[in-house]
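Pasting in a structure now, in structure tokens, and then I'll have a few things to ask.
In order of appearance the chains are A, B, C and D, and numbering begins at 1 in each one.
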Amino acid sequence: MIVNMSEKATEQEITHVIERIREAGYQPHVTRGVERTIVAAVGSGRRHEIEALQVAPGVDTVVAIAQPFKLVSRQVRPERSVVEINGVRIGGPEVVVIAGPCSVESREQLLDTAHAVRQAGASMLRGGAYKPRTSPYDFQGLGLEALKILREAREQTGLPVVTEVMSTEDVDVICEHVDMLQVGARNMQNFALLRRLATVNRPILLKRGPSATVKEWLLAAEYLLSGGNQQVVLCERGIKTFETEMRNTFDLAAVALARDLSHLPVIADPSHGTGKQSLIAAVSRAAVAVGADGLIIEVHPCPERALSDGPQSLDFAGFEKVMRALREPLRPTAVPRVAALSAQS
Amino acid sequence: MIVNMSEKATEQEITHVIERIREAGYQPHVTRGVERTIVAAVGSGRRHEIEALQVAPGVDTVVAIAQPFKLVSRQVRPERSVVEINGVRIGGPEVVVIAGPCSVESREQLLDTAHAVRQAGASMLRGGAYKPRTSPYDFQGLGLEALKILREAREQTGLPVVTEVMSTEDVDVICEHVDMLQVGARNMQNFALLRRLATVNRPILLKRGPSATVKEWLLAAEYLLSGGNQQVVLCERGIKTFETEMRNTFDLAAVALARDLSHLPVIADPSHGTGKQSLIAAVSRAAVAVGADGLIIEVHPCPERALSDGPQSLDFAGFEKVMRALREPLRPTAVPRVAALSAQS
Amino acid sequence: MIVNMSEKATEQEITHVIERIREAGYQPHVTRGVERTIVAAVGSGRRHEIEALQVAPGVDTVVAIAQPFKLVSRQVRPERSVVEINGVRIGGPEVVVIAGPCSVESREQLLDTAHAVRQAGASMLRGGAYKPRTSPYDFQGLGLEALKILREAREQTGLPVVTEVMSTEDVDVICEHVDMLQVGARNMQNFALLRRLATVNRPILLKRGPSATVKEWLLAAEYLLSGGNQQVVLCERGIKTFETEMRNTFDLAAVALARDLSHLPVIADPSHGTGKQSLIAAVSRAAVAVGADGLIIEVHPCPERALSDGPQSLDFAGFEKVMRALREPLRPTAVPRVAALSAQS
Amino acid sequence: MIVNMSEKATEQEITHVIERIREAGYQPHVTRGVERTIVAAVGSGRRHEIEALQVAPGVDTVVAIAQPFKLVSRQVRPERSVVEINGVRIGGPEVVVIAGPCSVESREQLLDTAHAVRQAGASMLRGGAYKPRTSPYDFQGLGLEALKILREAREQTGLPVVTEVMSTEDVDVICEHVDMLQVGARNMQNFALLRRLATVNRPILLKRGPSATVKEWLLAAEYLLSGGNQQVVLCERGIKTFETEMRNTFDLAAVALARDLSHLPVIADPSHGTGKQSLIAAVSRAAVAVGADGLIIEVHPCPERALSDGPQSLDFAGFEKVMRALREPLRPTAVPRVAALSAQS
């Protein structure tokens, strides 16, 4: 931590900062410049006490140097983590595709979809039982009934299942029925939920919040790891920006950055990332190219009849096309021409 | 709802959309233009079925015409609502100031602050017992102990108390101790929590999420009203943007807009809105000028020793200054000069 | 400048950074922590050479301590600047209201508006001659003809005139006809234009870019001051965010911040700031309350027939209402009740 | 265009809207619903006159149905365009890599870089002569001297050259020396510049503005095409968001979307898109995977000594690595396991 004194700071103010740094458990280290003095807090102490010096008299700014997360970072664990969900390994050499409907709407809808996505090459099944919906008048999910249907689909197809958990009260029943619990984007900083999930014996899929920085996302994961659950997979699903043609701005560079900063596996959600059926194939390829360890894609037998997220869901044929697209090679780069140019007029 | 067919839509595709609109409970109304056809869904039916037509063949876009919220809107209730919290009326002719520390840190800290803010003119007390913190290593609040201290402060000062609720599991104990429950910005779309709070006999302070549109904010309030709790106060507290000099971008126009669209009272939080002590007085005045029904301001006996939000907390003298600033008249506007100008060379 | 070495930095890498800091004209000052070393660059040298050390081996981050602007800052000039435009003083004790149509559309339209806004209390006239339009198919302004009409309006009403300049090529002719030149939001970082305007003998109204931080805005003003033109007025006009109900997010806290950081006068544009007729009165009051030195408001004889910006333009009656609203007192704050509360059940 | 009347609109207000739609050259088509009336403007007329009805009495909202751009759209030209720059074809089957330093700093620096990037496989050379810099105190480019050096590099290596143009006044001299002119992100809506470039006999590289929607970007290109220059290549270079770990948010989905909406070639700039050396390889691969027709990458002999953009520039070895990364296959997708799962306890 660096405490940057203002140009007009008095000796008394500098001394006060030095004392407070000591009180907070750090060693103060003073650098006197021509115009201003900076005081570094060296060692490890109570970080927030230094941050609060922001408002001490004579202080201009306080700058953090070290990253605030620990257990999720590659400094603590340089090798990449692999999270295993009932035999499926996310973070290994292969890209894992998770597919299924936004919401479980009926037994038939889910089982049909489960078989279709398995056939096309998906390794895991997704399906919402408890749905976070912007409006109270929208379909809110089938709850327990959906969990039972998901379990049946898992038994029929062998695909491990992930579903979203919205409340601490639902954690136990969801753990009984599925293999992996998803924390939705809007709950990324629902800390009561994170603390509860830190204690369950199930891997967690942690979506990035629509306005979370990569740091905040990693700190949310830190709640899980520091609470005892090491089985965490991060998921980029788009952030909110001024662009209105797409539902979100799919932040694929953040996938690369999160993998640089953290050892946790990172997957990407092209369905929410763009909100547009027509873009899913292209951005799925991009997500794999940027380093994503997996994809989670919404598939519905008839998107125009979906009770939620129809506009971004693929039908079965569309999903097969995406799976094929993932196997196509990258477009080649042009080779520079040999002959020298003559000046153009 | 308007379904806008693409220029190349076939007759069969148009017919399909017309049939689906009927199925969804609306009457279809077709307008054939030179280049394209639009089909309006008239009446009231199942909205999501029209939205899902976005991906029907031949459809270009689906546009919603009516606002998606009902009970919170001024079309349902044109007169302004007043929410009464144990004698304090938010939404009436006077601006209500709520003040207190970010977190309850000790009995002494809270009681001192409560008396000081009452003295300076605050009508309600705030103080966090359960704290949503970005990092698991930061101070997480004193929990039940804090609730008891808040209750004592309320008894000593007569100020009604508001505190944040982060989890459905804490709702009962919080209701026992305080007068109003706050839903924090990061929980604005924690729908499990909203559904639970719709059933309690306490007014709710609903903060706008850091990336929530005004519509999404009003729809979160709609969860409370449609679930049975009419005692809702909205609170603007800044949104996330690219600007880094301030903690958030304080969206004061949204206060005016929310009051235009909804009958609910709207207050503003200049502390989180800017994150900067030095700006609180100016933006508090602006919030009142734009129409806010109240302010919620962070005050701490010694901000540089605060366990949370020190940089944006005022000390007692600073808070008094803000209260005085609220009584100063607006700067006068210049009067145009009488004499005609001669041309400037 | 602080160069923060990574935890694994070698002695050789630290030595390299120290040497490079000396080369850049600064004195290096080393702080060795338990986990990492930081090197401060003290004094004044070539800033960019330190910034570029970001990619030197062993470097984690480079942090700037001092603000990058100089002449616009209050550290250089603590007292507030006043800019005089042909007798109208912006930055003095009174709020200056500038009003007029988005575009000059005809002689009659402009003269009618000029007289009406003068009558209602505006001190300056605005009107676009050269219009920056998102689409090439939209009305692009009357150019020189508009300038002549503006000059006539100025002669008739005595109101000084401001108009937008979009290109270095138009600077001379605009200077001949009007009193103040506006740099539009989209040209805030048109550095060729800024460099040209730094040399003219006219005050400049510099709008904040739709995605410019306050720092970038002040640096754009620094181009003008460092190039020789001290007569600069800043104008906040809203920034681009995810919110879609309003044209922009009107950043009123930035007005307060800009006035904290800089001695230059700051005005606000509620018309572009919100894009909504119905919000102009409320946000204009808020702008004055937050400290704005003036307002620039779009007024048109018949907004629904305006060739540009109709939805945000006021008619004459609407503008009079806004002017009256600026004279109304702030809503009073509630006084805390005297009697102690009894516990609520 | 759809004019959506408010619920309380009177017959007279509806009649007024109908008349105004006729005046604007459209045919009105009325749909009366249970709650409200909508009036469609059918045919083609003066679009802005319908938009301005937003503020006519009784009108709730005006919704545009058709896209505002024409010549750039795939509806006008379904097949993809290829732009040829002195023998290099952008938009064809191969990905074109443009590389070189942010700024031309010296003859030696540029020639060394030109030979190195050619050797590594780049097909075109970039280099800044006139630099848009946030601060007036930063290096502003060598101007004409740089243009001459670029021309020499082109003669030595045969690589066509692209450089940025910041002002209408520099257009002629730049056209004399280089093969392609770049409009920088901050000038995307410098309409005076766009109008001038519409008349030159050189292809244009049009960068997306940091807060431009895809629609606004395409409308900027429409200025060039409608003014007579069909040789336009679009370039995504990142947008401004709340994320601070990277310089910009690289919007790769926008590359796919722009290619869906327009026939123009689209390339991507991973250097500005992320601002981070360490991410360039990953996001370059992603850009190619998403469909980009080319890449523009900053390369410098010694990034830590670069006069601009050092932190995001690659050295020669780093650039070679990126070129190799573009040839690596995509990571394979996992194959679903055959055996059925047994329930996990």
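Here is the rule we go by: a contact is a pair of C-beta atoms (placed from the backbone, for glycine too) under 8 Å apart; a residue touches a chain by one contact, two chains touch by 3 or more.
A quick note: this is a predicted structure, and the numbers were derived from the prediction, not measured.
J.: Name the chain whose C-alpha centroid is most distant from the C-alpha centroid of subunit D.
T.: So the farthest one, by centre of C-alpha atoms, is B.
J.: Would you mind telling me which chain pair, A-B or B-D, is linked by more contacting C-beta pairs?
T.: A-B
J.: I'd like the Å distance between the centres of subunit A and subunit B, where a centre is the mean of that chain's Cα atoms.
T.: Comparing mean C-alpha positions, subunit B is 26 Å from subunit A.
J.: Please report how many Å separate the Cα centroid of subunit B from that of subunit D, as a whole number.
T.: 36
J.: Pull out every residue in subunit A that's touching 2 or more other chains.
T.: In subunit A, 211, 240-242, 244 touch at least two other chains.
J.: Can you list the residues on subunit B that touch subunit D in the complex?
T.: Within the complex, subunit B contacts subunit D at residues 2, 4, 7, 29, 31-36, 38, 40, 42-44, 60-61, 63, 65-66, 75, 240-242, 244.
J.: Which residues of subunit D touch subunit C in the complex?
T.: 20, 47-49, 51-56, 68-70, 130, 132-139, 166-170, 186-187, 189-193, 209-211, 216, 219, 222-223, 226-227, 240, 277, 303-308, 310-311, 313
J.: Inside the complex, what are the residues of subunit D that reach subunit A?
T.: Where subunit D meets subunit A, its residues are 86-89, 93-97, 118, 121-123, 151, 154-160, 179, 211, 213-215, 239, 241-246, 249-254, 256-257, 260, 273-274, 276, 278-279, 282-283, 285-291, 323, 326-341, 343-344.
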